[in-house]
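There are two complexes below, and they share chain A, which is joined by chain B in the first and by chain C in the second.
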Partner chain A sequence: MNKEKMVPYIFLLVPLPITFFILIYPALVSFYISLTRYDGLHPPRWAGLDNYSRFFSDPQMVVDMVNTLIWVALGVILPFLVGMAIAILADGKRFEGLFKTIVFLPFGLSGVVVGIMWIFVYDPDNGIFNIILRSIGLDFLVRAWLGEPFINTFAMIGAYIWINSGFSLVITSAGLRSIPQDITDAAVVDGLSGWQRFRNVTFPLLTPFVAVIISMNILNALKVFDIIYVMTGGGPFRSSETLAVGVFFEAFSVRSFGYGSAISVILFAIVLVVSVLYIKYSYKRIVRY
Partner chain B sequence: MTEEKVDRRRYIKYVGGAAAGIAVGAVATYLATRPAKELITTTVTRPTTQVTTVPATPSTVVTTATTTAEPWGGKIYPEIDAAKILARYGRPTTAEKDQVQVNVYVARGQTATRGYYDIYRNAGNPSYSEVRNVYINPIQYGQGSPFAATINRLWGTVAAPDLTEWWVGYPLRQNAELGQLVDLTEVWDNHKDEYTEGTRQIYSVDGVPYACPQITANWLIWYNPETFSKHGVKPPNTWDEFLDLLEDLKNAGVTWPTFMPFVDWTGFIWYMELLIRTDPDFYEDLVAGKAKYTDPPSVEVMEIWQDLLKKGYFGDLQKAAAPGFALYPIAPQFPEWWLNGEIGTLAVADWVVSHFNAANISTDKYDFFVLPNPKPEVGKTVAVEGVPFCAGKGAANEEFAVEMLDYWMAPEIYEVWATKVFPQVFPNTKIPVEKLNNSVLEREAAFFSEPGWRYLTRYWEAAPLEIVPKAALIWDKFAFNPDQLDQILQELQKLADDFWSESSPE
Partner chain C sequence: MLSMQKAVPYIALVIISAVWLLPFISTIWMSLKTNAELASYPFWNPPLDPIKSFTTNILDAWTTQRMTDYFSNSLIYATTGSVIAALLASIGALPMSRGKTRGAELVFYLLLFVTFFPFQIYIIPLLDMFVHTGLHNTFIGMEMVYIAITIPFVVFVMRNYYTTIPDDLEDAAKIDGLSYFGMYRKIFLPLSLPAIAVGVIFQWIWIWNEFLIGLVLTHTTARPVQVGLYNIQGALTYSFSTQATAALVAAIPVVMMFLIFQRFITRGILAGAVKG
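Moving on to the complex of A and B:
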């Protein structure tokens, strides 16, 4: 192999070991732990697939799966729709930069900070949310948004949409910039209305960007942890717990590292399958003119 | 789009530039976050309060400390003679040639961390650290679960903690049986005239002490005498009087006749309080896995609790499950609710006094009673929460850690901790009760000095950690769904069966 062909491999000498020790090795150890009974104190004892069969018979995991699916369903679509809508509506308008900056700013905050902020927003007595509801005569909707099982999941998704709409906005804006002006002009000349232009020209040309947004949103929604942990801790009584939060609870609160690792392996498998399927599906549908 | 070949030189230039930028950033970050030179601050009480800051040169720091001295730095209790205390317990009184740093793992936050500094570095003139050239290095964690997971990985290794906060009860037993803790019999024997046998047993496993007290808290029912006076009620002496009290408070419109956030860890409290007062022997069997949650004594307690829930004595539970509505750390609005009379009673440990102090709530606005027994024949029982220090076997500074615990348990030293940092009834009986300087805690000390009390380890420590957090959440669920009594009991028993059926944890 000549020197020139060796150069890329030399540059890989640093990141590859780092990736192995930070990512691959812990994943392999986690998979091994998932096949054991391990409390972090005594040596691990081989358990085979017991932790995995326990997962499929644990009623709490049904709750976790349902909550995870709710997060995926709403946490993927809604931030995408909100971000895209703002990008399209603000495109080319006055103060476009200001609108987009305001919507994008929350994306720069950490999930922990956002969670703490929205705890105050949802405070039953002094939160701005309930204050607004009371002020517009919707007192019957006033409640402890984060204290009520099931409702609290949707309340947290509201905070999640607030953060992640910015990501969709930025990607969609980049996509809009990439659409050739002559195609849009031709659509105008052909007499298409705004909605028809969006449906037949703009959106199809945005499909590569939509694929990126949706696939990133799926990944993030499947493994969301920080917002839930800060806002409700998965409670009350694990009613808002997702698989990712369940991993932490089983491993660190209950000291079932084997079971927690099994849940994390299952979650990883779900993320992998969904991501691969979606990317394969979406890239087939990318439209190029 | 045409592909552009990447020029090798430009590539190396960019990578080199990025690496240089990272290196500069790392150096800048290090310089910016380097710990500042330690200053010792002295607060001198004069007609106008003045703060004097002097550089940390121990030989020049001789000030007149006052009881208003800042807990962080400054000489406190200058009359303490560290060398004399060490000599009393047969410990060395000369300085080590090379400075020793004893790692102390903390899960209780900044207040505790500062307190530890005060005990060893600033209490006395000179202090323990100045006499022995042995200093503490607190390593602080913010949360119990990751803290416990980390410490469990360190026990029995070369990185075993010199000293750490820990738990009594089942966790202590597990670590002791694995030979991971230092046997502290010598330390407790040095102090045998100072601590009762009952206190010693809380920190022991099968009669061998493996821990020293840091916080010893009795679980009581707290109330605001002003709130009671306003509604014309008084502390109950019997169970029926307690029920009448709750009913009266509810009818008077008190938001929470009894305040209990059913979120996170607190779900076990009422079950524990009722069970130790109906069948304490069953309680001890239950936490040891020798009795079932579905057995009649447990069912009876759950039915009593169900009755309290259905009568609405726990107030608005949805609100009680909202974030921040907690006992530890306490809800931010707690002082306001307490003083406004929105809280009728509160079942919690006496460490709640530290919250009252932090909120400047005076002793005329809080007091306690012991929950009357639903079964009067049971006798006097109280749940005790013991928060200990443990020393890791084989730790790098094991001998210094044990010496520091011996010093910590001395009456002069424990008094500093228990009055300046974490108010509690002194487990060291040689400390005069009036040093508590808190009429409520003094009354508590007198109350429990009477004979005949049976102390039971709090459920959270008494039962295995593999059961406790899940059980607490199952009880939270019961509070919201009191009609699901049978299902709740089945869930609890399944949880216990899953654990106890295995020969070792998980």
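Moving on to the complex of A and C:
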């Protein structure tokens, strides 16, 4: 092989070393650490599958799993519906761009900034959420939204909808633009009502875009960390903790690296299954077009 | 009646926009008051001395809470990190797009696969590694992690962009006697500047917003802005209004980017954005 033919391979190798040392190698080490007892100070001691069997008998992990499921179920469907509804509502209207920009803007904010803003929104005394409830006579609903177990997860999902609807909005808008005008015109000529047009013409044509939104939303909802960590820290009493936050708690608060790694491996396995389905689907989509 | 029907969507859109702006407005409102004022007056009471309170809050955040340092840290991380990652990715993505290099497809899918990793899977060993190699709480260490995490996404964007460049150009370059590197530098790099811009803008925002990595891999000096912002919460003299003001200022670069580069950002999202 002559020198010039080698060059593309050198190009190919350029981004690899750093990816390997920072991401792939540590990920592999996580699998190993998950099979040990390790606090980061003393050398790891082999523990076999102890950490995994502990996971399946740990009542806290039931809480983490349930919360993760709530996050995935609501964190996937609600931002999707809200974003799509706004995209369709704003489509072709005056000031369309302005409305969309306003809804899209929170998507660019960090989890910490959003968390802080929403801690203020939910503040028991000075938060606008309780102020609004009081002013419309719903005083009985007023509470410390982030302080009550179970309710705090739903309160945080409210903030999550505020952030992530913008994603669904952008993708749906692109989808709407991809629908040829004559198809919508034909539907109007055929005398279909607004809802019928959406149900039978628009929505079916949006399916590939919907698939992207749903799968990305699942992956993102599984990994939510910043918002929970900032808004409740997983508390009170670890009641709002998800798997992603649980890894952090076990590893860095309890300093049980082995157990933390085991939880991270389980989270990784779940993400992996979803990702494979996603790649498979989007690959098919590319082929179909 | 017809005009009523036309008005309904607008009314809905205005209400939605108001709801969406409310968290921003309440945070801005808080930043115009002092902490004592927030505690002793009703929330909707107009700020007593907005300009003075705002300045006090800014000064508090920027001096006592050391936000200046964290702000400039993140400016450096985001700017150098996104540019270096885009450069490395634009080189690596070229053979992946031309279909003539064996194994290139495999490397592409490997990198694509890595974008799906949750941080939790590598953060524990990474901390261990960094503590033992002295990279913990260093600029170089943080920069390395940011570059590594952002590379796969830019590779994805670049490769997709390169595939839209016709093979004819590559053949013409060969006939003109350009080497592979010459072809990259003289043809593909200049042609793909819009894609590089998408990558840089996207990853700049991503690094600026990053929290978890900074939380684990730094203390004090190398801290990024988001961790500094979070830590105000645990400060000895915690002040709502200081944190509100700091959060607003930390959001400004990203909001500006979003408003200026909205088209690029939308394109990046459509190219398959992976957040977190």
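As a working rule, the second predicted complex is superposed on the first by the 267 of 289 C-alpha atoms of A that agree within 3 Å, B and C clash if a C-alpha of one lies under 4 Å from a C-alpha of the other, contacts with A are read in each partner's own complex, and residues count from 1 in each chain.
Following the convention adopted for this analysis, a residue touches a chain if its C-beta (ideal position, glycine included) is under 8 Å from a C-beta of that chain, and two chains touch if they have at least 3 such contacts.
Remember, it's a predicted structure, so these values are computed and weren't measured experimentally.
Student: On chain A, do chain B and chain C fit together or clash when superposed?
Tutor: Overlaying the two complexes on chain A (C-alpha atoms) leaves chain C and chain B clashing.
Student: Counting only touches as set out at the top, which of chain B and chain C does A:Leu138 meet: first, second, both, neither?
Tutor: Neither chain B nor chain C is touched by A:Leu138.
Student: Is A:Leu272 touching the first partner chain B, the second partner chain C, both, or neither of them?
Tutor: A:Leu272 sits against chain C, while chain B stays out of touch.
Student: Looking at the overlay, does A:Phe252 come into contact with chain B only (first), chain C only (second), both, or neither?
Tutor: In the superposition, A:Phe252 touches chain B and chain C alike.
Student: Between chain B and chain C, which makes contact with more of the residues in chain A?
Tutor: C
Student: Kindly classify A:Val188 by the partners it touches after superposition: chain B alone (first), chain C alone (second), both, or neither?
Tutor: A:Val188: touches no partner chain.
Student: For A:Val7, using the defined touch cut-off, is the partner it touches chain B, chain C, both, or neither? Pick first, second, both or neither.
Tutor: Once the two structures are laid over each other on A, A:Val7 reaches both partners.
Student: Contact-wise, after the overlay, does A:Pro236 reach chain B, chain C, both or neither (first, second, both, neither)?
Tutor: Touch partner of A:Pro236: chain B, not chain C.
Student: With the two structures laid over each other on chain A, which partner does A:Val62 touch: chain B (first), chain C (second), both, or neither?
Tutor: Neither chain B nor chain C is touched by A:Val62.
Student: After superposition on the shared chain, which partner residues are touched by A:Leu81: those of chain B (first), chain C (second), both, or neither?
Tutor: Once the two structures are laid over each other on A, A:Leu81 reaches no partner at all.
Student: Does chain B (first) or chain C (second) touch A:Ile33, or do both, or does neither?
Tutor: Second partner only.
Student: Considering only the contact definition stated at the top, list the common interface residues of chain A for chain B and chain C.
Tutor: Looking at chain A, the two contact sets intersect at 7, 11, 40, 230, 251-252, 257.
Student: Using the touch definition up top, name the residues of chain A that touch chain B in the complex.
Tutor: Its residues touching chain B are 7, 11, 37-42, 45, 119, 122-125, 143-149, 230-233, 235-239, 249, 251-259.
Student: Quick check on the complex: what are the chain C residues that touch chain A?
Tutor: 9-10, 12-13, 16-17, 20-24, 26-27, 30, 38, 43-44, 88-89, 91-92, 94-96, 98, 100-101, 103-104, 107, 111-114, 116-129, 131, 144-145, 147-149, 151-152, 155, 179-181, 184, 205, 208-212, 215-216, 226-227, 229-230, 233, 240, 243-244, 247, 250-251, 254-255, 257-259, 262, 265-266, 269-270, 272-276
Student: If you look only at chain A, which of its residues touch chain C in the complex?
Tutor: 4, 7-9, 11-16, 18-19, 21-27, 29-30, 33, 40, 86, 89-90, 93-95, 98-99, 101-106, 108-118, 120-121, 126-128, 131, 162, 167, 170-171, 174, 212, 216, 219-220, 222-226, 229-230, 244, 247-248, 251-252, 257, 260-261, 263-265, 267-268, 271-272, 275, 279, 282
Student: Applying the document's contact rule, which stretches of chain B touch chain A when the two form their complex?
Tutor: These residues of chain B touch chain A: 8, 15, 145-146, 148-149, 152-153, 155, 174-175, 178, 262-264, 267, 316-325, 333, 465-466, 469-470, 473-474, 476-477, 480, 502, 504-506.
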